[in-house]
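Shared between the two complexes below is chain A, which pairs with chain B and chain C, respectively.
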Partner chain A sequence: MEIEKALNGTELTLKIIGRLDTVTAPELEACLKESLDGVANLVMDFAALDYISSAGLRVILQAQKTMNKQGDMLIKNVNETINEVFEMTGFVDILNIE
Partner chain B sequence: MELTLALKNNIEEINRLHSFIEEVGEAFALPMKTVMNLNLVLEEAVTNVIMYAYPKEEHEYIHLTAKEQEGKLIFILTDSGKAFDPTQAPDADITLSADDRQIGGLGIFLIRKIMNEVKYERIDGKNVLTLEKEL
Partner chain C sequence: MNRYIHTIARCLAMLLLATMFFACNKYDKHYQIYELWVGGVKVTTRNQSDILGDGAVRYEGDRESGTLVLTNANITETIDPDADAVVVSNIPNLTIKLEGDNKIGLGNNAPVNAIATRNLSVTGEGSLAVGARASCFKADTLLIESGKIDTYIKTADEEVASFMGVALWTQDKMIINDGDIAIHYTASFSPISYGLYSVSELEINGGNIHINPDDSQLMAVGLITSGQLTINGGKVSVYGLDDAINAKFTHIAGGEVIAQALDYFADGVCRLVTKAEITGGVFTISDMQHNPKSVKLFSNDLHLNGVSIVAGANEISVAKKEINNYGYTDPYIRIEKEE
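Moving on, here comes the complex of A and B:
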């Protein structure tokens, strides 16, 4: 997995590339921990995300909880595979997906 | 036909697990969606063993067998770690809002949702988890 970060004022965009699983989720968790201070809009770009497991879902949920306190979070470019996982787990109802 | 995999007690082994599931998908000509769902299930089941059955023991092995029987794909996951029954873990409540949701519980929820049967047994000092999916 790779993470591309782009900060524009108080808007942070994270492009997640590859697989978000048990092995890689801690990297995203660490990245979020060090990056969210002062961020009002978090955009996660999943255009190049191939797979997400429950370990990845946990990190996304934690990010949503954090952003609910300090601004907004948007997930964009979700492919069909990832969207199925979001549907199975009810994440479609709690995330802002574009 | 039966495919087998031995994994060490190391989280990096999840990468080898995913390659194995791809092989299973090819061997049994499974649709892509099924392969992805099986990846979700087995990643969760194997991660549980690594985290809870063998904490801090580096060289223990986890064995996974995949076979087809009577129109069902059957996975049998075996380890010699301490007794751990993942089927006793509570499901996540997926109807709650983000703020009210617990961080855990999604893994076992996905296992139950995707597989048709999930059975845990403790046999001769081993954890044996049997996961069945109708084809």
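Moving on, here comes the complex of A and C:
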């Protein structure tokens, strides 16, 4: 998995490339931990995300919890497979998905 | 005259400083504060022999290491029920010793976390029932040597904390050497709730671990680690909503593992993601939902050394492929040591 970061003022965009699973989720978690200070808007771009597992969902939800306190979070460019996961798990009601 | 007054003033000042010095030392000698909170009470040398005043909880040790002895304790309070744990410790090495039957976090309102520590060991012949909304045990490392432990992740509906509930969570190594551990889940449906979760390493050498024994609500994943899972002995029974076992590297060398799951994401009842070696013990895998004649075990690199797949496997691929068994008459794969 790769993560491309782009910071524009207080808006941080993270583009996740590859798979977000048990193996790679800790990497995203670490990236979020070190990047979210002072961020008011977090955008997660899933255009190049192929797969997400429960471990990835946990990291996303933790990010949502953090951003609820300091701003907002948007997930965009979700493919059909990932969207199905969000619907199955009820995450569509918790996350802001575009 | 002035010189005389100055001399007296200097003597008095020195006497005052000396008195303060000795008073402080005397104060330090008899009163120390530990980085340990139990039931909302900060533990000090003044209260450590009976922390809650009921004879049930005492601390034996110092600021670096020690043992929190629970004797028929029932501890429910936190400093902040929406943020803290019932037992909070920043002592580098803490042991919880169980005597009699103990409860933590099983009051009317479950805390967010029950036990939050740095390096933690659990020992003793007693029992401990723990309730929380997000985590029952949360530690840097966890070693369970003995004891009967029941954990309950519980909450009202739609609460994010329990949506991410984890019964036992460690950042670093989690080791189970013995004990009788049952993981219960009574919170709302969640596909991201875990039984035993170590970010780095999970090792089971003995004991009896039973995840979701009630079958009423299921935690999503029974055993999960982003690092190494090693099972050398003991008995592990898992019934998961999604994966029974999910690990980056896996080595099963002994013991008995019964892994059942509904495979919610339909990507494998057990996901032994990167590399898995099965060299001993008995490992039984069942898919309880999708197809009673098919069980999916996912691994990118599976090695079976000195063990065999029984119960009618039709196709087994060892390297870089999923292992699927179709046309089973029995709804499980069992991997056993070859005779």
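Operating definition for what follows: the second predicted complex is superposed on the first by the 98 of 98 C-alpha atoms of A that agree within 3 Å, B and C clash if a C-alpha of one lies under 4 Å from a C-alpha of the other, contacts with A are read in each partner's own complex, and residues count from 1 in each chain.
Basically, a residue touches a chain if its C-beta (ideal position, glycine included) is under 8 Å from a C-beta of that chain, and two chains touch if they have at least 3 such contacts.
Predicted model, so just to flag it, every value in this text is computed and none were measured.
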Considering only the touch criterion stated at the top, classify A:66 as touching first (chain B), second (chain C), both, or neither. neither
Quick one: classify A:54 as touching chain B (first), chain C (second), both or neither. both
Output check: A:41 vs chain B and chain C. Expected answer is one of first, second, both, neither. What do you get? neither
According to the stated criteria, A:22 is in contact with first (chain B), second (chain C), both, or neither; which is it? both
If touched residues of chain A are counted for chain B and for chain C, the larger one: B
Contact-wise, after the overlay, does A:13 reach chain B, chain C, both or neither (first, second, both, neither)? neither
Taking the superposition on A as described, I'd like to know which of chain B and chain C A:81 touches: first, second, both or neither. first
Touched partner set for A:94, first chain B, second chain C, both or neither: both
Which residues would you name on chain A as touching chain B in one complex and chain C in the other? 21-23, 53-55, 57-58, 61-62, 65, 85, 88-90, 94
Which part of chain C faces chain A closely enough to touch in the complex? 160, 163-164, 189, 191-192, 199, 220-221, 224-226, 242-243, 246-248, 264-265, 267, 271, 273-274
Touching chain C in the complex: which residues of chain A? 21-23, 25-26, 53-55, 57-58, 61-62, 65, 85, 88-90, 94
Spell out the residues on chain B that touch chain A in their complex, using ranges where they run on. 11-12, 14-15, 18, 32-33, 36, 39-40, 43-44, 47, 92, 94-95, 97-99, 101, 103-104, 106-107, 109-110, 113-114
Touching residues on chain A, where the partner in the complex is chain B: 19, 21-23, 51, 53-55, 57-58, 61-62, 64-65, 68, 81, 84-85, 88-90, 94-95
